[in-house]
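Several structures are given next for inspection.
Paired with chain B in one complex and with chain C in the other, chain A is shared by the two complexes that follow.
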Partner chain A sequence: MEYFLELLINGALTGLMYSLAALGFVLIYKSSGVPNLAQGALVMLGAYLTWYFTNAWGIPIFLGIAVAVVAMFLFGMLTERFLLRKMVGQPIIMIVMLTLGLEILLRGVAPGFLGAAPKSIDVGIDLAPIIIGDIFINRGYLVGAIVALVLVAASLLFFRTRLGTKLRAVSDDHVSSWAVGISVERAIAVSWALAGASAVAAGVMWGAEQGVDHNLAALLFPAVAVVILGGLDSIYGVVVGGLIVGILGSVIPGYVDPLVGGGTRDVVVSLIILLTILFRPHGIFGREDIERV
Partner chain B sequence: MSSEALKEQPAAETAPLLEMSNVEVIYDKVFLAIKGVSIAIRPGDRVALLGANGAGKSTTLKTISGLLTPERGEVTRGTLTYKGENILGLSPPERVRRGIVHVLEGRRIFGHLTPEDNLLAAFPTRGSGRRFQQLKEQVFTYFPRLRERSGTKAGYLSGGEQQMLAIGRALMVDPELIMLDEPSLGLSPLLVQEIFGIIREINEQQGTSVLLVEQNAAAALEIVNHAYLIENGHVVMSGSAEVLKQNPDVQEFYLGGTGKVDYHNVKHYRRRKRWLA
Partner chain C sequence: MFYRLTGVYQTDYAKDRALWPIPTDRWIALLLLAIAIAAPFIFQVHYVANYMLPWLIWSSAALALTLLMGVAGQLHFGFAAVMAIGAYSSIHLARFGVPFELALLGAGLISAVIGSIFGAAALRVKGLYLVMATLAMQYLVDWVIVNVPAISGGAQATLRTPDVSFLFIPLESVWLYYMALLWTVVVTLFVLNIKRSSYGRALVAVRDKDYAASIIGVSPFRYKLSAFFTSSFIGGISGAILAFCYYQAVTPEQFGFHVSIQLVAMVLVGGLGSVVGAYLGAGFVLLLPMILTNFVAGLGAMGILNVSASLLAHIPLMAYGALIIVFLLAEPLGLAKIYDNTRKYFLVWPFRHGQS
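Here is the complex of A and B:
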């Protein structure tokens, strides 16, 4: 029973860490309608930049994080200016391929320039687990889960503001947004900038846990599972999807891995993607396209 | 100012708000959609562009609002000035800031947003909260039905309500020229009458100029004071609504016929005069 509870709790926390990585995906989709397959690389780049600024400039970690947030914010704006602006009005498949290309490029370029060997980020979290009864809880995951919830709450508030409303309008219809004077380009730039900034949070929390290297970009996979399950444009969905993916991805391998020798987690994650698309294509909270009869 | 006074003023005396001169538009570098269209709109005017499917009416509106780009359309000839300024190089949002707003064909409201959020999305970022409340109240006064439905997602509104929302949303930018593309599309005759009446009210109370694109020529000619007839990418006729209504060819082809033409011999029917001299 303790074993199950431990898997459950740590799975839930890991799941919220996935939510953190997936948040940028939803921010972009909800505000511009673009499925951003470069999300994994953004998280990796956020972690790399934090490590770089902290070490190369010799500044405290939290200052390093702040600089990385600014840098990723700018990176997001530039992505819009030089890549996505050309794609306004183009078929969505071209934009998907463009973000995929960006993901692959960054996965190669960031380790190439900043070093492929794993680096460590120390955000001052005690490595010793919290022990409640016989259950061991990972402190880093706990902090990451809290950061995730805070950013989710901030995103919810943001989409209620005037700017947030304009961004939601843009995701609904680019042309009619343009027709009423919304600068579609700027809205997309803002959404990428925010996604870049949130990717730093994800990169730092994951980087502190497992080290900073190209493996961080592999978070794209669970992040995509989270958003497909939760709904591509739902902030609530990020939390619920994250919890489900995290818990299933922890409990099932916890019992099955010893029997088959490991690797079940990826199977679980991919089954979640496949089954969601088969049985509930819009995810749990995703919006369905409104069809009036 | 009353519309009667405007109608009697000769065109030359007021400087036009918008002047489109000899404009040619090509889509995808091959398809010639309009071939030298010239129109002028004076402040406070209500103008209609009439014509059949594919005549070039929507293209004319998109040229004015700048929405040709997403459809790979390009202005290859001619000039477009708004209050004397050349606006051909401006992006659509820049044109909206100057006072031109385009209500797209098929309504195109933000279906996943509530009607109120639709209005908020269109309201300029820099405007004050008080101004937003004012404009919103104004929209709800013109279209009381929107207030009743303000809690539901706009995608679930009826066609007529969506059209009202599309017009209301355009009013949030405080336009000087509102362009409407087929607002009557798919609506019942009664609803068309209601919406056209409100368009006229907006024009008379706010002084907003109106450029109305319609296939429903009969309804449009009831509320405008000037109209252009477009065929095959050319303006083939223009004049006051009264003059156009009396024209036998317009009656025959756009107002449902006078019954004088024998349709068995329609192949041999010749127009009394060529449009283009």
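Here is the complex of A and C:
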């Protein structure tokens, strides 16, 4: 029972950390309908930049994070301006492939120029686990989960501000937004910039936990499962999807891994993606697309 | 120029569907084939075995994928898994003592059947969701191959291909190359001809709008599944040929997720649905990163450029990511479109306008 509870709690915390990585995906998809498969690479880049600024400039970690957030904010805007804006109206395969191309490019550039060996970010979290009864809880995951919840709440509040309302209008209909004088391009650029900034949070939390190297980009896969399950354009979906993916991805491997020799987490994640798509493609909270001839 | 044609003068549909609308196209194709056949005698063994051989096999895989993605319009991000199924089944069949010819067919059929299961997702969803579904299936197939010792030969194991002969010719040295060439020629002829048959036009109808296709009596169910079946069959055999003729020892990593992305990149860089494009795209995606790495390493060795080992190791990734981005932005229709523009220019050269 303790084993199960431990898997459950740590799974839920990991799941919320997945939500942190998945948040940017939803922000972009919600406003522009672009599936950003480079989100994992953005997380990696955010972690690399934080590490670079704190080590190369010798500034305190929280200042380094702030600089990285600014840098990623600009990077997101530039990506939208020079890459995605030219793809408006192209078939979805082109857009998917473009973000994948960006993913591959970043996975080459960041380790290529900043070093491929794993690096550590120290955000001052005690490595010793919290022990409640017989249950060990990972302190890093706990902090990450709290950060995730704070950021999700912040995005929910953001969508109630003036700018957020514009973004929601853009996500409803591009042409009508133009008609009432909203700059669709700027709204989409803002969503990319916010996704870049949230990627820094994910990068720092995951990087502090498992080291900064190209493996951070592999977060894309669980993040995709989270957003597919929760619904591609739902902020609530990110939390619920994250919890489900995290818990199933921790409890099932906890019991099945010893029997089959490991690696079941990827299988669970794949099955979640596959079953969601087969039975409820728009996810739990997503908006269903209606197709007309 | 040698293949001038001032306009399109067909008077019936049979001529419009001709495989070679311009006679010179046929002669160019035959010339290329002659060069490919004579290659082991003209070029150094090193170039034939390490550059031309993989190029040919990857071209045949790209042709299979372009049939599915370009002609039938079904996105597939798990094609490497299909090739892996073909490679592993052919090796196991050959090890059981099945003749290589039958082992190839068996591998193709097994891949086609499992590949059609990938297609089941296509019946329900399309676009982005189909990308995600096939991607998930890629992970599932990978996991099954790695974790079932009967398939992979145990964790972290490499499986050597047994010695085989094709039509009584033992497959070794130069015959490996001819085997790959034969398969690629067969696939090329097949895809070229499928595009001008009623079957190909039905696939195109499903690609353009499946609802509309079903209204005019083309069953999307049937054609989507059969597109997955056909292309997985070709992909499976290409995987088997890749294992037997090029790798000769397979590991699951050789057919991982990144290979699927690479195949999609080949198809897109070449040009969706184009036969010439599959060759050009495969060559570009496969060879450019190799050449660039050698070039930068050469500059580093000469002392012109100071590159660290980790930078050098990541040049292929950068080159290949940048290649995809640049092509999508600059020429979304791919190398095939560039080829087509050049060809059209020379059709009427030295005049500026023709009627084609």
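One rule holds in what follows: the second predicted complex is superposed on the first by the 288 of 293 C-alpha atoms of A that agree within 3 Å, B and C clash if a C-alpha of one lies under 4 Å from a C-alpha of the other, contacts with A are read in each partner's own complex, and residues count from 1 in each chain.
Definition applied: a residue touches a chain if its C-beta (ideal position, glycine included) is under 8 Å from a C-beta of that chain, and two chains touch if they have at least 3 such contacts.
What you see is a predicted model, and the numbers here were worked out from it, not measured in a lab.
Novice: Looking at A:111 after the superposition, I want to know if it touches chain B, chain C, both of them or none. Which is it: first, second, both, neither?
Specialist: After superposing on A, A:111 lies in contact with chain C but is clear of chain B.
Novice: One more residue to check, A:63. First (chain B), second (chain C), both or neither?
Specialist: In the superposition, A:63 contacts neither chain B nor chain C.
Novice: When the two structures are overlaid on chain A, which partner does A:150 contact: first (chain B), second (chain C), both, or neither?
Specialist: neither
Novice: Considering only touches as defined above, state whether A:274 meets chain B (first), chain C (second), both or neither.
Specialist: A:274 sits against chain C, while chain B stays out of touch.
Novice: Once the two complexes are aligned on chain A, which partner has more residues of chain A within touching range, chain B or chain C?
Specialist: C
Novice: Is A:163 contacted by the first partner chain B, the second partner chain C, both or neither?
Specialist: first
Novice: Could you list, by residue number, the parts of chain A that touch chain B in their complex?
Specialist: 88-89, 162-163, 165-166, 168-169, 172-183, 287, 290, 292
Novice: Looking at the complex, which residues from chain A come into contact with chain C?
Specialist: My answer: residues 35, 83, 86-87, 90, 92-94, 96-98, 100-109, 111-113, 115-117, 221, 224, 228, 260-263, 266-267, 269-271, 273-274, 277-278, 281, 291, 293.
Novice: In the complex of these two chains, what residues of chain C are touching chain A?
Specialist: 69, 75, 121, 124-125, 127-129, 131-133, 135-137, 139-140, 143, 146-147, 155, 209, 211-212, 215, 261, 264-265, 268, 272, 310-311, 313-325, 328-329, 332
Novice: Can you list the chain B residues touching chain A in their complex?
Specialist: Those in contact with chain A are residues 65-67, 69-72, 91-93, 96-97, 101-104, 108-113, 117-118, 120-125, 153, 155-156, 159, 169-170, 172-173.
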